[in-house]
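Some structures to go through are shown next.
In the two complexes below, subunit A is the common chain; its partner is subunit B in one and subunit C in the other.
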Partner chain A sequence: MILNNQLIVENIQYNYAKKNILQDVSFTCSNGIIALLGNNGAGKSTIMKIIAGMMKPAKGKVLLNNQSILTSQNYPIHKIGYLPQDFDIYGNVSGYDFLSYVYDIKKLKQPSKKQVLDELIAKFNLEEVIYKKFSSYSGGYKRRLGIAQAVLGEPKLIIIDEPSVGLDPIQRIEFRSYLAEISRTAITLISTHIIEDVELYSDEILILREQHIQFQGSVEQLIQLSTPHIYSANVQVDELIAFKKKVRTIEEKRISDTLIKVKFINNQGETFGNKEKEISLENAYVYFQNK
Partner chain B sequence: MLMFTSKINESFIQFYDTKKRLLKIMGAIFVIYFLHAFFMPALPNYFEYLHEKYSLAGIDNIYEYTLPVISMLLMFFAFVSDYTKKKYELLTFYNASSFNSIMLFRWLYIAIPMNVIIVVTAPFYYRSIAFLDVQSLYLSIRFIPNVLFVTALFLLCMTMTKNGYAALVVTSTYLLLDILSSARIFKIVSLGANSYNYYYSISPTYYLINRLLLVVLSLLFIYVACKKSSKVR
Partner chain C sequence: MLQSLKSESKVIFYYFKVTSKSILTYIGIFLFTLLTFMRSSVVGESIFTFIDYNYVAFIFCNLFFSVSATQLMQKQLESTLFLERNLWQHVKRLYLTYFLMITVLCSFVIIFILFFNNPSTNYAFTLLGIIHFIVIFYSSNLVGVSIGICAGYFIKNELSTILTLLILGLFTAIPRIVAGKNDTLTALFSLYDDHQFIMTNTLVGILVNTSYLMDKLFLILLIITVALIVRFATYPKEKWLYSGLLLVVISSQLLILTNYSIPKFHYNYPTTLEQNYQIIEHNMNLTLSNKLKNQSTISLIPLEKTDTISLLLDDTFDVQQVRINEQTVSYQRSNHVVTIAYPFQAQQQVEVTIQYEGTVYIANNINFDTFYVSPLAINLPGDSFKWYPEAPAHTPINFNIKIGSSATIYSNLTQTQNFQFQGRAYSAHLFAGQYKIEEVDGIRYMLPINYQLSTIESYLQTILDSPTVSEEIKKVITDKTYQQLIVGIWPLEDGSDSIKMEGDTLLLNFI
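What follows is the complex of A and B.
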């Protein structure tokens, strides 16, 4: 039986150098992939680091299954997995020694460390490199080892900061399928500014904007929200610049040598263009950031 | 502490000291110091010179400055990569408490063996003055504050600047200025209280305060470094 976990983030406020980075950030989520979206500098990594216990909020609390994780005597590393944006370990350490270290430091209770590690290594296809030095790993193997250490011990919450940065398209696909698998039994909180990462796999989206969580819901809900406001028009190439001055463009696509399809936000009741029917998450997200 | 349980020790040392390179290097240093102490002992009339208020830098420097310099280089070797490519983020995550006991362990992993080198080899070095008695012990333990202080200062600078190279520059500058000024610049917080004969040339109290202050500051530096590099709760 898969237990449903619950993460409650309540009124988090974080200031840096007298600047308000996060203001009353609150959300609740359960098992699945929760994608935290926001522009660069919006404070995504700050939220992730606060939940990972590495930054102290000015106020607010974080509860995992109704237990405060920021105020308890010891941060529950055995219940939480963390993969930072710049995952790196000592170059001369082998992947196996690193996983062994994480197993011990998490004080895991499973009977056989070797069995647990062997299963994990097989699950993430690390057999080929696991006894080699970390410095010899390719970007894809490094990321696989990173996620393997994060899921070691079957944590209830997995925090992954910018999961697909530095991965090639094939590695991204592979990485997304790993995320989909682990998120069935754990809350998998990922922060990203790459919309493509979340479109297929995320169960819920959080949009961080202007220090607040301004949207929480599914991909479909975000698209529905933006549908009435996104229009498109076919514009001659030589008229494009003038057209773009009149509207807030969210996507351009060349459809012939002389025509470009422009999707734009119709906030002020412009009379030109038609309501767009094919709206992607990226369109909806750009609309939301610009509305 | 977490990592002092035998189960964790094995993987812990394998992770932070792959193939026990640091231990092997410290073992080699021990052998070199032992051979040096065996073949080049201190002068028999060491105390007479001290009473005459001579500075015996040439005799004491091997423990007073050389060993602290080696300790600092070992600290650099052990910690420098923590702050490249933000490795410290994951290391900090895996330290569960608001005091970085992992860092404390890693410091002790170098500080203890280096002090063992002092305690074991210095009595041989000073054997012509005193041997296997209380005085012999005093002659050796008086250098312990130096290793503690230099390694603690390095660790503090590194956690403050998040840069091992910056810590190396600061600690080396301190050592260099102290050596070049014959322990005059830093006075009460100088390492050279033995080499420059504070006990007889200034006063026994001043000498004791210097030694005690270095130990207290070392502990304070370590505490601040371990707090600063811990989970912030």
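What follows is the complex of A and C.
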């Protein structure tokens, strides 16, 4: 039986150099992949670091299964996995040494360390490199080791900051399948600005904008929310510049040498164009950021 | 608890791997080992000489530890910070890791020392030498590690390595620059054996006295200071407590800086002191340990009726009581003289008992250990150093000395029982330390353990051509009429001879 975990983030406020970075950030989530979306500089990494206990908020609470993790004297690292954006370890030790270190520092109590590590290594296809120095790893192997260390000990919450950065398309597919598996038993909180990934794997989306969580829901809900406002029109190439001055375009697609299909946000009840039926998450996200 | 300790030791072991699996470590340990092995013949002379001469290897070792610590500290990995929670925890683990590495290297050197050690070195001196090595090795390397951690923390790029090298360079340069000009800075800022700036006294090994302890304490406090600064910067809690501690530690260092001194020998015994008595016999009940304690009973005959008599006794000693014929009398001290007040009658023999004690650690003008008393090493040449009350004019007297000491003592007087010496001589000389005994043609030679008898014999031959040595001594050397030869130490700056005859004993200066 898989236990459902619960993460509650309540009224988080974070200031830096007298600037308000986060204001009353609140959300609740449970097992599955939760994607935290936001433009660059919106404060995604700050939220992730606050939940990871690496930054102290000015205000607010973070509860994991009703236990406050920020106020507890010993942050429960055995219950939480963290993969930072720039995952790096000392280059002169092997991946095995590092996993072994993570196992020890988390004081995991599984009966056999070797068995646990061997299974993890096999699961993330790290056998080929695991005893080699980390400095010799390719970007893909580094990322795999990063996820492996984050999921070691079957944590209840896994925090992953910008997971797809630096991965090629094949590695991203591979990565998505790992995430799908680990999120069955844990809350997997991912911060990203790559919409395409979110569309493929996330169960829930959080959109961070102007220091607040502005949206929480599924991909479908976000699309649904934006559907009445996204229109499209076929525009002559020589009229495109003038058209773009009138509306906020979100996508352009070439139909022929002279014709472009333009998706745009219809906020002011423009009479031209038709309601768009094929709305992607990216379209919905851009709508949300501009509404 | 046990599980927690087990996990913690494994984490330390991870850092041990991180540190040891680096090219810097291979180079550092290779150079240290190479330089140490090149000194194997010096260990064969004396452990202390080895520690003194091997400072270049120590420098390489310090460089390795400090640069390694800098690089490990400046690389503040997010994954590590998440797992270890705070930087201070990380710093503590780094300290423990380097402590472990230092211990491993130190153990190898100890085995090396034991393997190549001079077979004439006795157990106690071997132990003292190893302890001295451990103190220097740990303190110098931990200073290096502390500098590295601190620089790596505050400057999180490659500049921190340059800063570390600069600071460590200062610790090597300052004692050299101020050597001979400022004893305090030379001793306190030297990470290695202080004797690197002067000739090593093999006979004494090392004196674990106040100066030595202050010197080493200064380095330990320095390590604590740097660690506290890092603690203060990395961990937000209990800042008041730690700033208070930092203040105490820095104040202690300043206290050491302002109070550190090496007692020096000055040749200012009075030469014009009136002697109105004649000493018949001198009995001593002497304890030689970290201090010299003596109950000196002198039988003397006043030559005239007088109210005072004066005896020479170095100001190093505190006189506790003076008795005459078991009656406590008053006395005065000034300029190495004890003046005793008593209605002395002409030709009426009295027994003067003087109880005194003092720490004997006196260096010459170049900080060479010259007069000393420790549980293992003793250098008390009677005529040069007034370590017992004596008359200004030298005349032969009967000595009867009972000694309490853990060292094997050599003297110009005859040993009648264990730690009991008797004989008629101008002065009583006592020596102990790293000696080896050789007996050839019925003559006993007490030599420093790194000396060869052939070297001494050659030296004696050169003395025969010296115009400053008396004909009487030359005849003694030529005819080999001496029964024993003891190598000791006394200052020559006051015009003393480097070779002296006391009864059947030839005394040869080590310097």
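Methods note: the second predicted complex is superposed on the first by the 291 of 291 C-alpha atoms of A that agree within 3 Å, B and C clash if a C-alpha of one lies under 4 Å from a C-alpha of the other, contacts with A are read in each partner's own complex, and residues count from 1 in each chain.
Heads up, the rule we're going with is that a contact is a pair of C-beta atoms (placed from the backbone, for glycine too) under 8 Å apart; a residue touches a chain by one contact, two chains touch by 3 or more.
Values in this document were obtained by computation on a predicted structure and should not be read as measured data.
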| item | value |
| --- | --- |
| Clash or fit (per the criteria above) of subunit B with subunit C on subunit A | clash |
| Which superposed partner A:A242 touches (first subunit B, second subunit C, both, neither) | neither |
| Touched partner set for A:A58, first subunit B, second subunit C, both or neither | neither |
| Subunit B versus subunit C as contact partner of A:Y82, first or second or both or neither | both |
| First, second, both or neither for A:Y90, with subunit B first and subunit C second | both |
| Contacts of A:L70 with subunit B and subunit C, given as first, second, both or neither | first |
| Residues of subunit A contacting subunit B in one complex and subunit C in the other | 52-54, 75, 77, 82, 84, 86-90, 92-93, 97-98, 100-102, 104-107 |
| Subunit A residues within the subunit B interface of the complex | 52-56, 70-71, 73-77, 82, 84, 86-93, 97-98, 100-107 |
| Sites on subunit A touched by subunit C in the complex | 52-54, 75, 77, 82-90, 92-93, 97-98, 100-102, 104-107, 109, 133, 146, 149 |
| Residues on subunit B engaged by subunit A in the complex (per definition of touch) | 2-3, 7-8, 10-12, 14-16, 18, 81, 84-87, 89-90, 92-94, 96-97, 231-233 |
| List of subunit C residues in touch with subunit A within their complex | 3-4, 7, 10-11, 14, 17-18, 21-22, 72, 75, 77-85 |
